[in-house]
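The following blocks contain the structures, represented as structure tokens.
The following pair of complexes shares a single chain, chain A, combined with chain B in the former and chain C in the latter.
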Partner chain A sequence: MDYTLILATALGAISLYLMLPRGRAALVKLGALIGVLALGAGLLGWFHWTAQEQAVHYPGPPAIFFYIFAAIALASAAGVVCHPRPLYAALYFVLLTLAAAALFLLLRAEFIAVVLIIIYAGAILVTYVFVIMLASPGGEIPAADYDRISADPLAAVLVSFLLLGTILQMMSYGQAALAHGPGAVPAAGPAGFGGMGMLGANLYSHYALPLELAGVLLTVSLVGAVMIARKNEPPVRMLDSGEIPAE
Partner chain B sequence: MNINLQGLCPEIIMLSAAALVLLVGLCPRDGVRRSSQWIAAISLVLAFIAAWNLGPIGDGRHWTLWPLATYDSLLASGIGLLTVLASWDMPFLDDPAQSDKAYRGEFFAMLLCSLAGLSMMAKVNDLIWLFLALELVSIPTYIMVAAGRGNAAAQEAGVKYFFLGALSAAIYLFGFSYLYGFAGSTRFTAIAAAFHSALAGGHLPYVALIGLLMVVIGISYKIAAVPLHYYAPDVYQGAATPVTAFLSFTPKAAGFFALIIVFNLTGWKLSGPGAPGHVLPDLLMVLAVLTMFIGNVLALLQRNIKRLLAYSSIANSGYMLVGLAVGPVRPAGSAINGLSATLFYLGAYSLMTVGAFAALIYLQGKTDAAEDLDDIAGVAGEHPLAAASMAVCLFSLIGMPGTVGFLGKLFIIQAALAANHPLLAVLVVINAAIAAAYYLRIVAAMYLRDAWTPFTVRRSLAPPFAAALATVLVIFFGIFPAQLFQQSSASGQVVPTAVISHKPAPVPLAAARPPAYPQ
Partner chain C sequence: MSNPVLYRYLALGAALFAVGLVGFLTRRNMIMIFLSTEIMFQGIAINLIAFSCYHQNAAGQSFVIFLLTIAAAEASLALGLVVMLFRRRETLNVDAWSDMQG
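Let's look at the complex of A and B:
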């Protein structure tokens, strides 16, 4: 058992439990403090683990970038679940997506990084924000109860951190077993796999025509949306038809 | 991808015309905006000529144009032209008399895009391209259904058609992903090679089987065949009649071409006792029989002509599925195989159903009013030509000798018999007999009953012209089928991709490596 990891997980659970919105502000700061402690314990566990694993060193960017983006990701993840106003929670999620994309970039998984931004930050979150802004009253009206007070904080925190703890234990102890089991990590792809260069070369060589077709498809959808939306408008009078508008 | 752009000439013409129509449809001058129908019609004529002159292209290894692709393009542009003529008044929404104020030229851009998707269906060489082509066929039709008419039924039809269509797209995309997982590539050559080696080894992995199954089920929505046929009556009824005419042809043809292309990847070696994966052709036969019976029996209960034709379109998919299930294996001494019978029937069905709809559009007058059988009762007295062309198309759908529908059914039955499926042939005959009952009810209403209400017909000449053209072609091909038969039997011979040895194309990567991070 890796006690630092367990400690970090438990501290994180307590911190998140305290930070979840309950209509009282006082506990949030205490929760955040414990959260920082949890982060420290997590870092300790991380050092311990990498020392044990003697992780493969490959030429990469300095580790400080990892810590910065990881901290941003963790903090904004806490913001997503803890912020009492849904719109801010959605914006925190955008931040989380960007930070996670940066982490993927550090691993040179450029394709996944870009897709994460395009799909989550670009498409899904924009839709969420639209829905939230349409559905919730703005201005000085206080948010609804179900927004201000989280529904079942203890059960949610317990379940999610049990899951997290299990995954962390798996990662620190099960990796050796996983490498030889049926779910073994596949061998690395060809050089440049997942990079922008390969993506671009493929998109504009083998997939040039589907790319163009996707453009046509988007145009059609765009025009179609306008067609459907403008249906109930009164017809526009044309200036050259010689008619004078009725008003 | 090694595309020869010359081979895509018909699609390029259609898409350019679609762009032109979008521009012209926004012009402030009425006269210019009114030209969008003409642009659509002329571009389809040009596309038809281009498709006609399209020879075989390619050496079979990279991107090759097979006779199937030519047939597909000819069908898309030819029948497409009929649908454009039939929907000549569509941009005026409900009432042609309102003329230019509510003019909606974009309708024809949607129609052209959808036809372009259909036309490239048999030219695709990659799963991703196939998916995009299917969506290019479908998405404009969703828009046409939703925007075609202002009433609540059209809204319901639009929403229903869109959501179920998205569901079916998800299903066949799921199937494509399994096929990709099976072959490790989306390229058709690679997938065909994977099927070839798997079938040669006598063992087909479940991944491939599930993938094919999902593709068949998902595409059965496009062809309105049994597992996903429920939407058809409501959507056909709710949509404006010109859109219904379009729906009865384009998605169905696209679905059948897609099915043929996907089964080409297997080399059609699935059927036969003991063959691995023979469950799939068996399933196709079950689907075909269910589709025929459900379509025909439920059509007997209908009084609304559009609903009736919707069930008729379901039943016709069943006949075509029979040919598909029999496959292209041609026993010695038989002039026709299942695939070419299906393709012939597809052409015949498109002609007669679009002809029937064009006549209905003409008879419906300005407000899409005539939908019930009573509405066209006794119409033969006042509009004998329109009634006659409708009657000819319906007789052809029944399968009367002398019409193209008779030859279509004959070839399908022949193919089923030649491939040693006598039961299927008998079931097709039984269904043709059931179908005669409800088609004859329309004919009887037109000719034997007295007029119920005074008729208002469309003033535009294009829909009756389309109906007349389709009727003449139905009779012409019924008596001189050589041209259509040649095209369809040439396309029915193809087994394009399966015979190609797999040589993966190298991905150019020399300059694509990211620079190493500074240490």
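Let's look at the complex of A and C:
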């Protein structure tokens, strides 16, 4: 049993439970404080793992970058979930995307990092913001009731964090087993891992057909979205000659 | 990349997934529900990229490309549906549609 991780999970659950919108503002600060404690406990748990890492001597970016961006990602994810105003939640999600892109850079997935910023922060989030603005009932100043009062926070937090605690415990066991068993030393791997060329070669040699199908899927969903969101206006009648009659 | 480094990233991915799941279950705004699924997508993407780096294999990065495609298709369709549903009842509250539960 890894008690630091259990503590971190429990603190995270309490903090998220306190921060979920319930029409009261005072609990948000307390929740954020406990959230910082949870991040600290998680950091301790991770340091426990990192202690074994020193022996391996992996030549990579220093771990401090991971801790910084992981904390930003988790905090902004909590912001998305807990902020009562959808527009601010979308902006927190942009922050989460940027932190994830930085983590991808640390993992030598440069192209994915750039694509994530362009597609997620650029395209998908702009769509979200547009829909939030289109579908806001009459420019209300206080957030709507269904945004200020969340549904069943206790059950949701319990379910999610039981799942997280189980995953972390199992990973802790696996970590302990792997660290002492054979095969723990990482492969040096082929030289030149990372970068766009490697990804392109992999995509077009192993996944060429799925890539084309992904393009078809995007086209289909684009047409479907246009059809769904179209206003129900009476169809324009056309003459047999293909002209639209002037009325 | 060594084991502890991999496990750190996996733990972060699992935590992001859990936070997104909380949002998915608690929020009552349709747009926020879909935004929470995007958080879960991010957790999965971090998992895939971490395994890709650990095994020095580009397949994980290719899968993230497909994941981004699915996320984009899902976002466009879901937001189209949200716009349509908003026009019908003038609210984003999912409870307004609870009469659909048969």
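The rule is short, and it goes like this: the second predicted complex is superposed on the first by the 166 of 247 C-alpha atoms of A that agree within 3 Å, B and C clash if a C-alpha of one lies under 4 Å from a C-alpha of the other, contacts with A are read in each partner's own complex, and residues count from 1 in each chain.
As a convention for this text, a residue touches a chain if its C-beta (ideal position, glycine included) is under 8 Å from a C-beta of that chain, and two chains touch if they have at least 3 such contacts.
Predicted, not measured: the structure shown is a model, and the values here were computed from it.
Of the two partner chains placed by superposition, only chain B is touched by A:223; chain C is not. Within the superposed three-chain model, A:32 lies out of touch with both chain B and chain C [touch as defined at top]. When both complexes are overlaid on chain A, the residue A:114 reaches neither chain B nor chain C. In the superposition on chain A, A:103 contacts chain C only, with no contact to chain B. In the superposition on chain A, A:209 makes contact with chain B only, while chain C stays out of contact range.
Once the two complexes are overlaid on the shared chain, A:198 sits against chain B and chain C alike. In the superposition on chain A, A:171 makes contact with chain C only, while chain B stays out of contact range. Applying the stated contact rule after C-alpha superposition, one finds that A:7 touches neither chain B nor chain C. In the superposition on chain A, contact of A:95 is made with neither chain B nor chain C. Between chain B and chain C, more residues of chain A are touched by C.
When the two complexes are laid over each other on chain A, chain A has residues 60, 108, 190, 198, 201-202, 206-207, 210, 214, 217, 220-221, 224, 228, 231 in contact with both chain B and chain C.
Listing the residues of chain B that touch chain A in their complex gives 1, 3, 15, 22, 28-30, 100-102, 104, 106, 109-110, 113, 126, 128-129, 132-133, 135-136, 139-140, 142-143, 146-147, 150, 158, 187, 505, 507-509, 511-514, 516-517, 519. Note for the complex: chain A touches chain C at residues 12, 16, 20, 42, 46, 49-50, 52-53, 56, 58, 60, 63, 66, 70, 73-74, 77-78, 80-81, 86, 89-90, 93, 96-97, 100, 103-104, 107-109, 111-112, 115-116, 119-120, 123-124, 127-128, 131-132, 134-135, 137, 144-147, 149-153, 155-157, 159-161, 163-164, 167-168, 171, 174-175, 178-179, 184-187, 189-190, 193, 198-199, 201-203, 206-207, 210-211, 214, 217-218, 220-222, 224-226, 228-229, 231. Across the interface of their complex, chain B is touched by residues 59-61, 108, 110, 190-192, 195-198, 200-202, 205-210, 213-214, 216-217, 220-221, 223-224, 227-228, 231-232, 235-241 of chain A.
On the side of chain C, the complex with chain A involves touching residues 1-5, 7-12, 14-23, 25-29, 31-32, 34-36, 38-39, 42, 45-46, 49-50, 52-56, 58-59, 61-62, 64-66, 68-77, 79-84, 86-87, 90-95.
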